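Each of the next two complexes has subunit A plus one other chain: subunit B in the first, subunit C in the second.
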Partner chain A sequence: MMGFAKRHADPLIPLIGCVLLIGFGALFFPKFLTATYLLQQVQIAAFLGVIATGAMVVILLGQIDLSIPWTLGGAAIISTAMAASGHTALEVLAIPAGLGFGLLVGVINGVGVAVFRIPAMVWTLSVNAMLLGLAVINTGGFNPKGEASGLMIAVATKTTLGIPNAALLWLAYGAGVLWLFRRTTFGRALFAIGNSEKASFLSGVNTTRVIFAAFALAGFSSALGGLLLAGYANQAYQSMGDPYLLPAIAAVVIGGTSILGGRGSYAGTVAGTLFVTLLTSVLSVFQIDPAWRQILFGAIIVAMLLTQRRRIM
Partner chain B sequence: MKKQSLTQRFLAAEWSSLLIVALIMMAIMTIITPRFLNFDNQAILTRSLAPLLIVAFAQAIVIGIGQMNLAVGAIGGMVAVFFGGMMEVWGLPIPVAIGIGLLCGLAAGVLNGAVIAYSGINGFIVTLATLSIFKGLNLGVTKSIPFYEMPQALQWFGEARVGPFAMILIVPVICVVALAWFLKYSLAGRQILAVGGNAHAAGLAGISVNRVTIMAHAISGALAGIAGMLSVARLGVGQPTIGGDWLLASFAAPVIGGAILLGGHIPVIGTILGVLVIILIENLLVLYGVDPQYNEFFVGALILLAVGFNHWRSLRAEAAYKLQEGQA
Partner chain C sequence: MSAFVAMKGVSKLYGATKALTGVDFACEPGQIHAVLGENGAGKSTLMKLMSGVIQPTEGVIELNGTPVTLPSPRAAQAAGIVCMFQELSLAADLSVGENILLGAPGTGWGFLPRGRLARARKLLDRIGGEAIALGARIEALTLGERQQVEIVKALMRAPKLLILDEATSALTSTIVDKVFDVLRELKAQGVAILFISHRFHEVEAIADRVSVFRSGQHIDSFAAGSRSQAQIIDLMIGQPMDELFPPRNAGDIGDEVLKVEGLRLPGGFEDINLTARHGEIVGIGGLDGQGQGKFLQALFGIMKGVQGRIEVNGVPRSITSPRDAASAGIAFVPEDRKTEGLIPNMSIGENLQLSALSRFRGGLIGRGNGIDPAAYDALIAELELKFAGLDAPVSSLSGGNQQKVALIKWLALAPDCLLLLDPTRGIDVKTKAQIYRLMRRLSAQGMAVVLLSTDYDELVNLCDRVLVFYNGQIARSLSGDALTPEAVVAASMGVADAA
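On to the complex of A and B.
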């Protein structure tokens, strides 16, 4: 029993947190224990989950991607604009174009970090500022026009056999990433570089290529999250990505991934995502003043980090 | 070692190329738009320079111990609205409000530092989480509505000029001189650099790493608070959005100036010049009447260019140094 708990400790603490949140909520609102509410939470968690997956890949390297908000927003703006353009060719290309945009931003991030060797903090933050600038130039500061395509809406809001499609997509995406981590040289290299980039390079790992690929994957994940969110709201909107940067990083770190890189489990990130989503939900269901909501959110994240940290040490 | 001429010593300094870049920028701007040297424009430039200088050092001191403070903007905004609120709602005199504001910034920094030091959690994440706490307090006090009724004296201070310089520039000048002295000559300042250089070695040498971590974050919080209050003076309004756009510049200026994110080195003159370059970029866009919508894009792009250039230069300098060593 202790062995099991030890091996699966990364997701254990956030999962206990989830149970506590649901139990606490159910004391006041019995609907917390209904399948409808829980499935709805999983559906909303899927958006954050996809984004956090990309954040995790980069954090495993010991790097950080702060361009999430406008990679996400940019992809959503491009896709919704193309989907509502009225040209069949553009409509078909709407989703690939949005995802391609994410990949492109990821590659630009990778160039700065892997080739120019500029700290990821500064580089990705500047890239984010530039993307914000481009979006403002493009839309003139107004809400972007356009609407989500049928496929985006179907994936983000509809269900299959009672399970939200978004959750299924998250499951498939997560399984793919898990396979990457466990069964590919890329995955091994991610953890190796996170532990020591120098040693990995000297052991023959093409570190530049791995860093490139990791940032590209992160950009792709942000874009995928953006398309899901656009499908959910049936539109893209200014600064739609801003509320996702801190929760995505928080979900990864609460899940036991080291911010210094080289250590972490995907199950932990999934559990962290569920915890952050439930926490947000509980704080809003109780109709707490937005100011207190933000204070509590920060304080609870710190408390979770403290427990997680105690375990690792 | 051969005695170096003044020119050689100037060129060897890490900030020399940055100074040349800033001077070239100013020269080009003067030639193309004579309005650049206009006292009015200089006052605008120095007015926006003042708070950002303090912000850059609030970040630089934490970079000095090899950590980051993502909450500089949130602390600045929080102290700014506390400062405005104390004067408008409670009618406190300006010096008292400044004192309490400073304490609030200091307390926020101590909170950051203490959590980081005693939990061992990386500073990046801790400040990312506390950022949300400080923003919440800001929101709780203001409900997103600015404090408009600022005292006359403060508004006067925010608008006054001495020749081409904004009066408020005096605050960062005092802060930076004090900080430079502190880092170079005081025991505590040197301990900060020692911990940044090698925390383990510093600990073995008898320095309390925890105490130094808390001290660096406390100074950072206090500086962020000063920058917030200075922004209130500059704007004449206790805006809750103060600090919202500080983060990128706070990192970019020290990095352009030659700071190493691993810690151990705080380039004082380099950081000042880094802020100057960023402000010149913004001023350039304003003078050319570039649509403000493009601002964000160009500032981002030019900061990238500046960071990239300086990084390339430092790599070159390192290679040249190694070559010299090899020949010697």
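On to the complex of A and C.
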């Protein structure tokens, strides 16, 4: 269909960016080239990587999920509260409940987009606002009480054979999603709907079900990311998800997925995630003002969007 | 008479592909010049060169005898060359009036000269578009109505050379006649007109001169009427061809496959009864927007609020989505292959699989979906699909080959009933003949074929029985000797009895 270079172009650009960032950092700080630093980056990237996976599924549909921050935060609050409740039954259910919450939010997003046919941008933003409100009512505006369970901490912070568990989880999760994209009718329908929902519907594809499943998967991914972050920090905290919305979308877009839907590769999203994580690290090592970091992130997304403009003819 | 636009030794290469080689071609003022050729013959390239969309690789274009370059469509328009492209170029979210005035002379800085809209209204009325409100959004219009708007948009620019590329492909014959009246008037005023159409009777009705293109070369030009239809077709395909329309089924018409009773959709159509049997092709005709399109969409589960009874092979079916229809054995080839029938950015293979996606066991693409891959191969061979490989995107195919993919993807499912919406619109003669033969074969093998067409040649020569819609109802059912072009046209205009 296409040449090798073109087929693998999606992850290539962010990967070259990663090499440049590491090389640049190493000029000033030799520790950039140590295994410790790089493994630590992969561990941190895993959190964003899981969240970006969900964002990508929805972006492939030509939609967007702006409820990432409080889906993530809500799942973390529920899990940590249950894990620290002192009741064995609640403690056991802490992780499933957090993930189930993410699925539920995803299904609510799916109802709005697939059944009521409201633009995802507005619907998911409203859902995010409502979740924020619920969290504030629940905690009274203070930091939520509770702490992460042993399993959450082990997955988020420990290593196996020197490899961070979080990275292994990301690898397994990514492999699963890649399999969905390549080998299942759901994956095929996802790309088809992203290209043309009308033609897919007229071909007998159950578009409603696919949109539902995609948003549910996105909600689940956000929740999984939330549990990892809670395990990493051993707590949930207000607005813990806010710093992840823009980077997650950035990782997907930098990885070459079309914001209009229907085109993208998972390898691109992985590379985009690594790039965003490394960039954040480099900027903080060089003590760049957070204001400038925000400007830079915005500019990079804009630059990527400019490369995938719609042609006039 | 001297030419208005002349091309001398013009070639156009896309990489190694020769779209046009050494073409000499001229169009003269006050003449309607028809350009004929199969898809891929180079007609569209010719039009794009004349209207400034692309530049020639070799050769010169002369305007009134002076060599010129036309760097953009805007420059061509300034020179009086106006092109109405086959790909409709209207902004769907804007109103009819806004679209007509978009980029029209004198509107550059947002000022609307007085009288412009009134003139647009008058032109629309003249070509049978009385029902199209200037304030209506393009999105709400049918394909035919959009073409009418396109035509008015082109006329508003006061062309000296008007290029019509398949401009009438979705229009019904009465509207085409009105458009032709306007074209003849322009001709009398000295406007040069280039007319591209795949409908022979239209070319015969209007053209003064005919040029035939084949494989990027200008084969011949001659006065209209000096060659027979068969001779022209031979020139177009480079070899003699069988009759365009296959003979009707000589054998018996068999059992009922599709039976529709009392189907109605408020605001769409009323009380439609239809039966389609083994071995027959049922045609559906009528003016644009008389409910026939909605009726077929209703049969495929696209319309909401449909009442009535649908039976497939004697089994009553409740059809509320395309999925239901597909599992009831109904296939549907929509009107617009680029946005409805196919996904141009995806590969041919993926497009072919799309209609069978729900049949993969366990939702896994690796496993079988009950369709023998040989079924695809056989259809591809029968329709002579020209493609680089199943991995190539559908957008790399010519229009005729795209339509073949849109057909194959459904036919591989071996449906009992095939619904077709204008499947040969804008398609070359050779592909048309292939599709006609395929429809005949399928119907002879027991598939019920229902064909909605805006081309009465098709209805009269291919179909066994034609139902003409008027005002949401079946005005007449024509078959046998009663099935004549005159009868179809009369019935579609609501005339009770033409005889």
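Simple rule for what comes next: the second predicted complex is superposed on the first by the 295 of 313 C-alpha atoms of A that agree within 3 Å, B and C clash if a C-alpha of one lies under 4 Å from a C-alpha of the other, contacts with A are read in each partner's own complex, and residues count from 1 in each chain.
We take it that a contact is a pair of C-beta atoms (placed from the backbone, for glycine too) under 8 Å apart; a residue touches a chain by one contact, two chains touch by 3 or more.
In this text the structure is predicted, and so the values were computed from the model without any measurement.
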Report task. Determine, under the contact definition given at the top, whether A:A192 touches first (subunit B), second (subunit C), both, or neither. Result -> second
**Report entry** Touching partner for A:L134 - first (subunit B), second (subunit C), both, neither
**Finding:** first
Query - Partner chain in contact with A:T184 - subunit B first, subunit C second, else both or neither - result: second
Requested in this report: Decide which partner touches more residues of subunit A, taking subunit B and subunit C as the two options.
Outcome: B
Query raised in the report: Is A:R263 touching the first partner subunit B, the second partner subunit C, both, or neither of them?
Result: second
Requested in this report: Check the residue A:N206 against both partner chains and state whether it touches subunit B (first), subunit C (second), both, or neither.
Outcome: second
Requested in this report: For A:L168, select first, second, both or neither according to whether it touches subunit B, subunit C, the two together, or no partner.
Outcome: neither
Report summary line: Intersected contact list for subunit A, partners subunit B and subunit C 313
Report task. Going by the contact rule at the top, pick out the subunit C residues touching subunit A in the complex. Result -> 53, 300, 302, 321-323, 325-326, 332, 334, 339-343, 345-347, 350, 353-355, 357-358, 360, 363-366, 389, 391-393, 409
Requested in this report: Quick one: which bits of subunit A touch subunit B in the complex? Just the residue numbers, please.
Outcome: 64, 112, 116-119, 121-123, 125-130, 132-134, 136-137, 140-141, 246, 249-250, 253, 259-260, 289-299, 301-302, 305-306, 309, 313
Query - subunit C contact footprint on subunit A (complex, rising order) - result: 1, 182-189, 191-192, 195-196, 198-206, 262-263, 313
Query raised in the report: Which bits of subunit B are touching subunit A when the two form their complex?
Result: 68, 115, 119-122, 124-126, 128-133, 135-141, 143, 247-248, 251-252, 255, 261, 293-301, 303-304, 307-308, 311-312, 315
